[in-house]
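Order of writing sets the labels: A, B and C. Residues in every chain begin at 1.
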(Lines give C-alpha, C1' and ligand atoms only; values in the text may rest on other atoms or scores of the structure.)
Protein backbone atom coordinates (compact mmCIF):
# COMPACT_ATOMS: atom_id res chain seq x y z
CA UNK A 1 0.00 0.00 0.00
CA UNK A 2 1.30 3.43 -0.98
CA UNK A 3 -1.67 5.74 -0.92
CA UNK A 4 -2.52 9.33 -0.18
CA UNK A 5 -5.75 11.05 0.78
CA UNK A 6 -6.99 14.22 2.40
CA UNK A 7 -9.34 15.50 5.10
CA UNK A 8 -11.11 18.82 5.44
CA UNK A 9 -11.34 20.16 8.98
CA UNK A 10 -13.64 23.07 9.74
CA UNK A 11 -12.45 25.08 12.74
CA UNK A 12 -14.30 27.66 14.84
CA UNK A 13 -11.33 29.81 15.81
CA UNK A 14 -8.41 29.27 18.19
CA UNK A 15 -8.28 25.91 19.90
CA UNK A 16 -7.78 22.19 19.37
CA UNK A 17 -9.99 19.97 17.21
CA UNK A 18 -9.83 16.18 17.61
CA UNK A 19 -9.41 14.46 14.22
CA UNK A 20 -8.51 10.98 15.54
CA UNK A 21 -11.83 9.51 14.40
CA UNK A 22 -11.56 10.99 10.90
CA UNK A 23 -8.03 9.64 10.49
CA UNK A 24 -9.03 6.22 11.85
CA UNK A 25 -11.95 6.03 9.39
CA UNK A 26 -9.64 6.77 6.45
CA UNK A 27 -7.27 4.05 7.68
CA UNK A 28 -10.20 1.60 7.97
CA UNK A 29 -10.97 2.22 4.27
CA UNK A 30 -7.35 1.33 3.45
CA UNK A 31 -6.68 -1.60 5.74
CA UNK A 32 -3.11 -2.73 6.41
CA UNK A 33 -1.62 -4.84 9.19
CA UNK A 34 1.69 -2.98 9.67
CA UNK A 35 2.89 0.30 8.24
CA UNK A 36 3.24 4.03 8.70
CA UNK A 37 0.48 6.64 8.53
CA UNK A 38 1.54 10.25 7.97
CA UNK A 39 -0.65 13.26 8.73
CA UNK A 40 0.44 16.58 7.20
CA UNK A 41 -1.34 19.95 7.54
CA UNK A 42 -1.03 22.30 4.55
CA UNK A 43 -1.05 25.54 6.54
CA UNK A 44 1.32 27.78 8.48
CA UNK A 45 -1.25 29.30 10.85
CA UNK A 46 -2.68 26.00 12.07
CA UNK A 47 -0.72 22.94 13.17
CA UNK A 48 -0.93 19.40 14.54
CA UNK A 49 -0.35 17.98 17.99
CA UNK A 50 -0.97 14.79 19.90
CA UNK A 51 -2.55 15.48 23.27
CA UNK A 52 -4.51 13.85 26.06
CA UNK A 53 -8.08 13.21 24.98
CA UNK A 54 -9.52 12.26 28.37
CA UNK A 55 -10.06 15.65 30.03
CA UNK A 56 -11.10 18.54 27.74
CA UNK A 57 -9.44 20.95 30.19
CA UNK A 58 -6.04 19.77 28.89
CA UNK A 59 -6.55 21.23 25.42
CA UNK A 60 -8.15 24.35 26.94
CA UNK A 61 -5.06 24.90 29.13
CA UNK A 62 -2.74 24.18 26.22
CA UNK A 63 -4.37 26.84 24.07
CA UNK A 64 -4.32 29.31 27.00
CA UNK A 65 -0.58 28.66 27.54
CA UNK A 66 0.13 29.51 23.90
CA UNK A 67 -1.96 32.69 24.23
CA UNK A 68 0.34 33.80 27.06
CA UNK A 69 3.56 32.62 25.41
CA UNK A 70 3.01 34.34 22.06
CA UNK A 71 1.49 37.79 22.64
CA UNK A 72 -0.92 39.34 20.14
CA UNK A 73 0.92 42.63 20.22
CA UNK A 74 1.69 44.11 16.82
CA UNK A 75 4.48 46.27 18.26
CA UNK A 76 6.50 43.04 18.50
CA UNK A 77 6.15 42.14 14.83
CA UNK A 78 6.79 43.45 11.33
CA UNK A 79 4.27 41.08 9.71
CA UNK A 80 1.06 42.80 10.87
CA UNK A 81 -1.04 43.32 7.75
CA UNK A 82 -3.19 40.21 8.25
CA UNK A 83 -4.28 41.08 11.82
CA UNK A 84 -2.90 40.86 15.35
CA UNK A 85 -3.46 37.10 15.53
CA UNK A 86 -1.62 36.25 12.30
CA UNK A 87 2.08 36.44 13.18
CA UNK A 88 1.42 34.76 16.56
CA UNK A 89 -0.27 31.98 14.55
CA UNK A 90 2.89 31.35 12.55
CA UNK A 91 4.97 31.26 15.73
CA UNK A 92 2.56 28.88 17.45
CA UNK A 93 2.66 26.63 14.37
CA UNK A 94 6.48 26.62 14.45
CA UNK A 95 6.41 25.60 18.14
CA UNK A 96 4.14 22.63 17.44
CA UNK A 97 3.93 20.25 14.45
CA UNK A 98 3.14 20.39 10.76
CA UNK A 99 3.49 16.63 10.33
CA UNK A 100 3.01 13.48 12.39
CA UNK A 101 3.83 9.90 11.39
CA UNK A 102 2.14 7.18 13.40
CA UNK A 103 3.10 3.49 13.18
CA UNK A 104 0.27 1.11 12.29
CA UNK A 105 0.41 -2.19 14.19
CA UNK A 106 -2.21 -4.97 14.17
CA UNK A 107 -4.25 -2.92 11.72
CA UNK A 108 -4.58 0.14 13.97
CA UNK A 109 -2.71 3.35 14.72
CA UNK A 110 -0.32 2.63 17.60
CA UNK A 111 -1.62 5.50 19.72
CA UNK A 112 -1.31 5.35 23.49
CA UNK A 113 -4.46 4.97 25.57
CA UNK A 114 -4.93 8.72 26.10
CA UNK A 115 -3.51 10.03 22.86
CA UNK A 116 -5.67 11.93 20.39
CA UNK A 117 -4.60 13.66 17.15
CA UNK A 118 -5.58 17.34 17.04
CA UNK A 119 -5.63 20.17 14.55
CA UNK A 120 -4.47 23.21 16.51
CA UNK A 121 -6.17 26.29 15.03
CA UNK A 122 -4.20 29.47 15.77
CA UNK A 123 -6.35 32.07 13.97
CA UNK A 124 -9.25 33.81 15.74
CA UNK A 125 -11.65 33.32 12.81
CA UNK A 126 -13.06 29.96 11.63
CA UNK A 127 -11.05 28.30 8.87
CA UNK A 128 -11.37 25.31 6.61
CA UNK A 129 -8.09 23.38 7.02
CA UNK A 130 -6.71 20.75 4.66
CA UNK A 131 -4.89 17.75 6.08
CA UNK A 132 -3.06 15.35 3.73
CA UNK A 133 -2.78 11.68 4.72
CA UNK A 134 -0.30 9.14 3.43
CA UNK A 135 -0.14 5.44 4.14
CA UNK A 136 2.61 2.89 3.56
CA UNK A 137 2.28 -0.76 4.43
CA UNK B 1 11.18 -4.80 5.49
CA UNK B 2 8.00 -3.41 7.09
CA UNK B 3 8.27 -4.18 10.77
CA UNK B 4 7.27 -2.74 14.09
CA UNK B 5 8.62 -3.22 17.59
CA UNK B 6 8.62 -1.53 20.97
CA UNK B 7 10.94 -0.41 23.76
CA UNK B 8 10.26 0.11 27.45
CA UNK B 9 12.07 3.06 29.00
CA UNK B 10 12.18 3.41 32.77
CA UNK B 11 12.54 7.05 33.84
CA UNK B 12 13.51 8.50 37.23
CA UNK B 13 11.52 11.73 37.01
CA UNK B 14 11.97 14.91 34.97
CA UNK B 15 14.87 14.92 32.57
CA UNK B 16 16.26 13.39 29.39
CA UNK B 17 17.09 9.72 28.91
CA UNK B 18 19.32 8.64 26.02
CA UNK B 19 17.73 5.76 24.07
CA UNK B 20 20.04 5.89 21.03
CA UNK B 21 21.73 2.60 21.96
CA UNK B 22 18.43 0.78 22.49
CA UNK B 23 17.11 1.98 19.13
CA UNK B 24 20.37 1.07 17.38
CA UNK B 25 20.25 -2.44 18.85
CA UNK B 26 16.71 -2.97 17.56
CA UNK B 27 17.83 -1.78 14.12
CA UNK B 28 20.80 -4.18 14.25
CA UNK B 29 18.36 -7.06 14.78
CA UNK B 30 16.46 -5.93 11.66
CA UNK B 31 19.27 -5.04 9.28
CA UNK B 32 18.52 -2.94 6.20
CA UNK B 33 20.79 -0.88 3.96
CA UNK B 34 18.47 2.06 3.23
CA UNK B 35 15.13 2.97 4.76
CA UNK B 36 13.27 4.94 7.38
CA UNK B 37 13.14 4.25 11.12
CA UNK B 38 10.27 5.83 13.07
CA UNK B 39 10.28 6.31 16.84
CA UNK B 40 6.89 7.09 18.45
CA UNK B 41 6.20 7.62 22.17
CA UNK B 42 2.76 6.55 23.39
CA UNK B 43 2.38 9.23 26.05
CA UNK B 44 1.31 12.84 26.42
CA UNK B 45 3.39 13.69 29.50
CA UNK B 46 6.70 12.47 28.09
CA UNK B 47 8.10 13.21 24.66
CA UNK B 48 11.04 12.73 22.29
CA UNK B 49 13.86 15.01 21.22
CA UNK B 50 17.19 14.82 19.46
CA UNK B 51 19.90 16.62 21.39
CA UNK B 52 23.64 16.91 21.77
CA UNK B 53 25.06 13.83 23.50
CA UNK B 54 28.61 15.11 24.10
CA UNK B 55 28.17 17.32 27.19
CA UNK B 56 25.56 16.18 29.76
CA UNK B 57 25.11 19.83 30.78
CA UNK B 58 23.16 20.36 27.54
CA UNK B 59 20.27 18.13 28.56
CA UNK B 60 20.42 19.53 32.12
CA UNK B 61 20.07 23.07 30.76
CA UNK B 62 17.32 22.01 28.36
CA UNK B 63 15.23 20.56 31.19
CA UNK B 64 15.88 23.66 33.33
CA UNK B 65 14.72 25.91 30.47
CA UNK B 66 11.43 24.02 30.23
CA UNK B 67 10.99 24.29 34.02
CA UNK B 68 11.18 28.08 33.69
CA UNK B 69 9.08 28.26 30.50
CA UNK B 70 6.15 26.20 31.77
CA UNK B 71 5.46 27.08 35.41
CA UNK B 72 4.13 24.48 37.85
CA UNK B 73 1.48 26.85 39.14
CA UNK B 74 -2.00 25.40 39.37
CA UNK B 75 -3.59 28.86 39.33
CA UNK B 76 -2.69 28.95 35.62
CA UNK B 77 -4.50 25.74 34.75
CA UNK B 78 -7.92 24.06 34.91
CA UNK B 79 -6.49 20.55 34.61
CA UNK B 80 -5.01 20.23 38.11
CA UNK B 81 -6.38 16.95 39.52
CA UNK B 82 -3.29 14.91 38.65
CA UNK B 83 -0.78 17.19 40.40
CA UNK B 84 1.03 20.46 39.74
CA UNK B 85 3.47 18.82 37.31
CA UNK B 86 0.81 17.21 35.12
CA UNK B 87 -0.55 20.03 32.94
CA UNK B 88 2.98 21.45 32.50
CA UNK B 89 3.96 17.96 31.30
CA UNK B 90 1.36 18.06 28.55
CA UNK B 91 2.52 21.53 27.48
CA UNK B 92 6.18 20.48 27.46
CA UNK B 93 5.25 17.44 25.35
CA UNK B 94 3.39 19.67 22.86
CA UNK B 95 6.48 21.91 22.57
CA UNK B 96 8.75 18.96 21.74
CA UNK B 97 8.11 15.76 19.75
CA UNK B 98 5.92 12.68 19.96
CA UNK B 99 7.48 11.13 16.85
CA UNK B 100 10.81 11.12 15.04
CA UNK B 101 11.66 9.49 11.71
CA UNK B 102 15.33 8.93 10.98
CA UNK B 103 16.68 7.90 7.57
CA UNK B 104 18.76 4.73 7.52
CA UNK B 105 21.76 4.91 5.18
CA UNK B 106 24.56 2.32 4.81
CA UNK B 107 22.81 0.19 7.40
CA UNK B 108 22.86 2.82 10.16
CA UNK B 109 20.70 5.66 11.43
CA UNK B 110 21.85 8.83 9.64
CA UNK B 111 22.39 10.73 12.90
CA UNK B 112 24.89 13.57 13.00
CA UNK B 113 28.08 13.16 15.01
CA UNK B 114 26.66 14.73 18.20
CA UNK B 115 23.01 13.69 17.89
CA UNK B 116 21.40 11.40 20.44
CA UNK B 117 17.75 10.32 20.68
CA UNK B 118 16.18 11.10 24.05
CA UNK B 119 13.00 10.35 25.93
CA UNK B 120 12.10 13.61 27.68
CA UNK B 121 10.30 12.75 30.93
CA UNK B 122 8.11 15.63 32.11
CA UNK B 123 6.58 14.11 35.26
CA UNK B 124 8.28 14.40 38.65
CA UNK B 125 7.76 10.72 39.51
CA UNK B 126 9.46 7.77 37.77
CA UNK B 127 7.47 6.28 34.91
CA UNK B 128 7.70 3.29 32.60
CA UNK B 129 7.37 4.73 29.07
CA UNK B 130 6.49 2.80 25.93
CA UNK B 131 8.18 3.70 22.65
CA UNK B 132 6.95 2.12 19.40
CA UNK B 133 9.46 1.57 16.59
CA UNK B 134 8.72 1.08 12.91
CA UNK B 135 11.12 0.24 10.12
CA UNK B 136 10.72 0.42 6.36
CA UNK B 137 13.45 -0.57 3.96
CA UNK C 1 11.86 3.75 -4.76
CA UNK C 2 13.79 3.62 -1.48
CA UNK C 3 16.55 6.14 -1.83
CA UNK C 4 18.55 8.55 0.28
CA UNK C 5 20.51 11.67 -0.56
CA UNK C 6 21.90 14.78 1.09
CA UNK C 7 22.03 18.55 0.73
CA UNK C 8 24.60 21.03 1.98
CA UNK C 9 23.17 24.33 3.18
CA UNK C 10 25.48 27.27 3.82
CA UNK C 11 24.07 29.64 6.43
CA UNK C 12 25.11 33.22 7.28
CA UNK C 13 24.21 33.17 10.99
CA UNK C 14 20.90 33.18 12.85
CA UNK C 15 17.80 33.09 10.69
CA UNK C 16 15.77 30.99 8.27
CA UNK C 17 17.02 29.69 4.91
CA UNK C 18 14.52 28.46 2.33
CA UNK C 19 15.54 25.03 0.99
CA UNK C 20 12.25 24.19 -0.79
CA UNK C 21 13.82 24.55 -4.24
CA UNK C 22 16.80 22.36 -3.39
CA UNK C 23 14.54 19.63 -2.02
CA UNK C 24 12.20 19.87 -5.03
CA UNK C 25 15.14 19.53 -7.43
CA UNK C 26 16.33 16.37 -5.66
CA UNK C 27 12.80 14.96 -5.88
CA UNK C 28 12.68 15.82 -9.61
CA UNK C 29 15.81 13.70 -10.11
CA UNK C 30 14.04 10.80 -8.38
CA UNK C 31 10.53 11.03 -9.79
CA UNK C 32 7.67 9.17 -8.10
CA UNK C 33 3.91 9.65 -8.29
CA UNK C 34 3.00 8.93 -4.66
CA UNK C 35 5.22 8.48 -1.63
CA UNK C 36 6.87 10.06 1.37
CA UNK C 37 9.84 12.43 1.37
CA UNK C 38 11.75 12.82 4.63
CA UNK C 39 14.05 15.74 5.42
CA UNK C 40 16.41 15.29 8.40
CA UNK C 41 18.99 17.78 9.66
CA UNK C 42 22.12 16.29 11.24
CA UNK C 43 22.69 19.05 13.81
CA UNK C 44 21.52 20.09 17.26
CA UNK C 45 22.12 23.84 16.89
CA UNK C 46 20.16 24.23 13.65
CA UNK C 47 16.72 22.83 12.91
CA UNK C 48 13.91 22.59 10.35
CA UNK C 49 10.56 24.32 10.12
CA UNK C 50 7.81 24.88 7.59
CA UNK C 51 6.80 28.51 7.41
CA UNK C 52 5.04 31.04 5.23
CA UNK C 53 7.16 31.89 2.20
CA UNK C 54 5.11 34.84 0.93
CA UNK C 55 6.24 37.70 3.21
CA UNK C 56 9.90 37.65 4.34
CA UNK C 57 8.85 39.52 7.50
CA UNK C 58 7.34 36.27 8.80
CA UNK C 59 10.67 34.51 9.12
CA UNK C 60 12.26 37.70 10.47
CA UNK C 61 9.61 37.87 13.21
CA UNK C 62 9.92 34.17 13.93
CA UNK C 63 13.66 34.46 14.52
CA UNK C 64 13.14 37.58 16.67
CA UNK C 65 10.56 35.72 18.80
CA UNK C 66 13.06 32.94 19.49
CA UNK C 67 15.70 35.53 20.40
CA UNK C 68 13.34 36.87 23.09
CA UNK C 69 12.13 33.44 24.24
CA UNK C 70 15.57 31.88 24.73
CA UNK C 71 17.91 34.47 26.25
CA UNK C 72 21.63 34.48 25.44
CA UNK C 73 22.55 34.84 29.10
CA UNK C 74 25.23 32.46 30.31
CA UNK C 75 24.14 32.86 33.92
CA UNK C 76 21.13 30.71 33.00
CA UNK C 77 23.17 27.79 31.67
CA UNK C 78 25.89 25.32 32.66
CA UNK C 79 26.85 24.57 29.05
CA UNK C 80 28.66 27.82 28.25
CA UNK C 81 32.06 26.80 26.86
CA UNK C 82 31.03 27.14 23.19
CA UNK C 83 29.72 30.72 23.47
CA UNK C 84 26.62 32.55 24.67
CA UNK C 85 24.63 31.53 21.58
CA UNK C 86 25.34 27.79 21.85
CA UNK C 87 23.03 26.53 24.60
CA UNK C 88 20.20 28.78 23.32
CA UNK C 89 20.75 27.11 19.93
CA UNK C 90 20.14 23.67 21.38
CA UNK C 91 16.96 24.89 23.10
CA UNK C 92 15.69 26.56 19.92
CA UNK C 93 16.37 23.33 18.01
CA UNK C 94 14.40 21.33 20.61
CA UNK C 95 11.45 23.74 20.25
CA UNK C 96 11.33 23.30 16.46
CA UNK C 97 12.02 20.25 14.26
CA UNK C 98 14.92 17.96 13.40
CA UNK C 99 12.87 16.01 10.85
CA UNK C 100 9.97 16.59 8.49
CA UNK C 101 8.16 14.03 6.32
CA UNK C 102 6.15 15.39 3.44
CA UNK C 103 3.70 13.29 1.38
CA UNK C 104 4.34 13.22 -2.37
CA UNK C 105 1.15 13.31 -4.44
CA UNK C 106 0.88 13.62 -8.24
CA UNK C 107 4.67 13.69 -8.41
CA UNK C 108 5.11 16.73 -6.15
CA UNK C 109 5.53 17.52 -2.47
CA UNK C 110 2.04 18.11 -1.05
CA UNK C 111 2.96 21.51 0.40
CA UNK C 112 0.25 24.10 0.92
CA UNK C 113 0.24 27.22 -1.25
CA UNK C 114 2.27 29.31 1.22
CA UNK C 115 4.44 26.61 2.77
CA UNK C 116 8.21 26.66 2.40
CA UNK C 117 10.77 24.33 3.99
CA UNK C 118 13.42 26.19 5.99
CA UNK C 119 16.70 25.44 7.72
CA UNK C 120 16.57 27.46 10.94
CA UNK C 121 20.15 28.46 11.85
CA UNK C 122 20.49 29.17 15.57
CA UNK C 123 24.21 29.98 15.79
CA UNK C 124 25.50 33.53 15.28
CA UNK C 125 28.34 32.45 12.95
CA UNK C 126 27.89 31.02 9.43
CA UNK C 127 27.74 27.24 9.28
CA UNK C 128 27.65 24.56 6.64
CA UNK C 129 24.66 22.36 7.52
CA UNK C 130 23.99 18.84 6.29
CA UNK C 131 20.45 17.76 5.48
CA UNK C 132 19.71 14.08 4.73
CA UNK C 133 16.84 13.26 2.37
CA UNK C 134 14.98 9.99 2.07
CA UNK C 135 12.32 9.00 -0.44
CA UNK C 136 9.88 6.12 -0.47
CA UNK C 137 7.39 5.54 -3.25
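Here, a contact is a pair of C-beta atoms (placed from the backbone, for glycine too) under 8 Å apart; a residue touches a chain by one contact, two chains touch by 3 or more.
Only a predicted model underlies this, so the values are computations on that prediction, with no experimental measurement involved.
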Angle of rotation relating subunit A to subunit B [CA atoms, steps of 5 degrees]: 120
Equivalent interface positions on subunit B and subunit C, same or different at half: different
CA centroid of subunit B to CA centroid of subunit C, Å: 20
Numbers and ranges of subunit B residues touching at least 2 other chains: 36, 69, 95, 97, 101, 136
Interfacial residue positions of subunit B with respect to subunit C in the complex: 34-36, 49-52, 55, 57-58, 60-62, 64-65, 69, 95-97, 100-105, 110-115, 136-137
Touching residues (chain side subunit A, partner subunit C) in the complex: 2-4, 36, 38, 40-45, 69-70, 76-79, 81, 87, 90-91, 93-95, 97-99, 101, 130, 132-134, 136
